[in-house]
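Next come two complexes, and both contain chain A; in the first it sits with chain B, in the second with chain C.
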Partner chain A sequence: MNANKVLDAKGFACPMPVVKTKKAMNELESGQVLEIHATDKGAKADLAAWAKSGGHELLDQAEEGNVLKFWIKKG
Partner chain B sequence: MSVHAMTAKEVARKVIQKESFFILDVRNEDAFQDWKVEGDNIQHLNAPYFDLLDGVEEILPQLPQDKEIMVVCAKEGSSIMVADMLSEAGLTVSYLKGGMKAWSEYLEPVKAGDLKDGGEMYQFVRIGKGCLSYMVVSNGEAAIIDATRMTDVYLDFAREKGLKITHVFDTHLHADHISGGRAIAEATGAVYWLPPKDAEEVTFSYEPLEEGKDVTIGRTTITIQPLYSPGHTVGSTSFIVDDAYLLSGDILFIDSIGRPDLAGLAQDWVGDLRETLYKRYKELSHDLIVLPAHFMIIEELNEDGSVSEKLGTLFEKNHGLKIEDEAEFRELVTGDLPPQPNAYQEIRQTNMGKITPDEEQQREMEIGPNRCAVR
Partner chain C sequence: MTGKTAIIAANGGLFDAYKVYNIATAAAASDQEVAIFFTFEGLNLIHKEAYQQLPMPEGKEYFAEGFKKSNVPSIPELAAMAKEMGVTFIGCQMTMDVMGLEKDAFIDGIEVGGAVTFLEFAKDADVTLTF
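For the complex of A and B:
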């Protein structure tokens, strides 16, 4: 999937993956896609819930080894 | 203002003493709905941390002025962040050290009663998850029943009291938590007992638990009599300890009974479950004190935090023991079952020795409540 920006949040524990995602998202335009890489398992449920509550769209997610990948479209 | 890191032990004392306090749970809504810190006088507010990144002003009106506030999250990181923000807003707050992870792993040892000649029965209350395990103590020796994977707690407890652990039992192959039985037996040289019908696929050696194979702890013959009591699993075995206590495993709880479906055979085992509860248990002395392997709701805790009740009282009060109609019973235990425990298949595989997840994976597998009962 094509992303406008990639955020590396690997190695960070909760709440940092969401904090960093929110910050990175602020720099994007509506409709643009942010790709996030994280290793904290809690990010799975939390990024999905955060996207929903913030009006963004979680387009896809994948697991590659220990790395969780998310693609979120800014609302 | 600095925030106080409240330990799981402190919180457990508060829950047992029914203290009144307020929990701000900052996990996502699903996690909160699934499982939380519960107590008779605890009030909750669920406000996910990711909705508070821009500030806590919105929730301030919902927080009490006159009550102790504790912030809770999964591991502690987010709760520290939110607690700091509340502290900056002028509130005095604490956070749960280690989060729900620590809460799930905390064991509170409670003395459940005395045995002959100075022997003692201890109950280890895993208050966050509702699991109960036991240590039978007599004359410098100890037996452990249904140990959790937090094996250090039992080993340290025995060391402090100068006890040699000689026997370790599991009443059945657990599906809700990872057993520490085998690890304790390996660390101490104790004998590890399992019901053979639950252990057909295990990858390690064990001593088969069978009726008539009584075990003696200490010199004063505290006997542990295995009683075959299938239903939750096909091998489920209860123990009568010192003619005074009935360790009922996951067959009979205080306010509920075991569910027969976690090994996939509800329809086959419902008859066994009924036979065990309505015939085998009924024939036992009703003065026996029942010590189950779980509690489901905090109301099942006694004043001192222990979980126990006379068998006779349970026959009067436990709904699951009072269903005369067999079809109705069948419907209760196979019809509308609660969701299965998290990762219960993987937990069973782990307890059989077929897979060996690391500690972090074991934690993840055990997340959530136990859900071994039907009410």
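For the complex of A and C:
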């Protein structure tokens, strides 16, 4: 999937993946896609909930080894 | 802003600090307007010296390694992040008077107020939490 920006949040514990995602998202325009890489297992549920509460769209997520990947479209 | 989160921090251990700051930063990152009322031992969480060396609960010192391994941010880092994201910190005037502490003993950018200051913010909050 094509992303406008990739955020490396690997190695960070809760709540950092969400905080970093929020900051990265601030730099995007509505409709653009942010790709996030994280290793915090809690991010799986957290980023989905975060996207929903902020009116963004979680387009897809994947697991590659211990890295969780998310694609969120800014609302 | 999509809502308001009001938090009372009334305890001063390391675990208490993580509970307060994790929820506060997560809420701020989710576009919530957040205020934390620091009262009694909760004042440790914003005290310039104390917040750098908050105690683990007795007998739980072995958690120190887990914190390190999980790459959990330090409390001063989390507090700075919360401030940067616009979280309001309110120190309890009455507790400060009881403990003989002045505003300059605390980290920059805090407000000092009483219970009513917090209640005014919390009365129409969507989420209210006490730690």
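One rule holds for everything that comes next: the second predicted complex is superposed on the first by the 75 of 75 C-alpha atoms of A that agree within 3 Å, B and C clash if a C-alpha of one lies under 4 Å from a C-alpha of the other, contacts with A are read in each partner's own complex, and residues count from 1 in each chain.
We take it that a contact is a pair of C-beta atoms (placed from the backbone, for glycine too) under 8 Å apart; a residue touches a chain by one contact, two chains touch by 3 or more.
Nothing here was measured: the structure is a model prediction, and the numbers come from that model.
Student: Contact-wise, after the overlay, does A:G11 reach chain B, chain C, both or neither (first, second, both, neither)?
Tutor: Second partner only.
Student: Under the stated touch criterion, which partner chain does A:G42 make contact with: chain B (first), chain C (second), both, or neither?
Tutor: In the superposition, A:G42 contacts chain B only.
Student: Where on chain A do the contacts from chain B and from chain C line up?
Tutor: 13-16, 18-19, 22, 46, 50, 53-54
Student: For chain A, which residues are in contact with chain C within the complex?
Tutor: Those in contact with chain C are residues 11-16, 18-19, 21-22, 46, 50, 53-54.
Student: Could you pull out which chain B residues touch chain A in their complex?
Tutor: By the definition above, chain B touches chain A via 28-31, 48-51, 53, 73-75, 77-78, 81, 364.
Student: Which residues, counting only chain A, touch chain B once they are in their complex?
Tutor: Listed in rising order, the residues are 13-16, 18-19, 22, 41-42, 45-46, 49-50, 53-54.
Student: Residue numbers of chain C touching chain A in their complex, please.
Tutor: Contact set of chain C toward chain A: 2, 22, 25-26, 29-31, 70-73, 81, 85.
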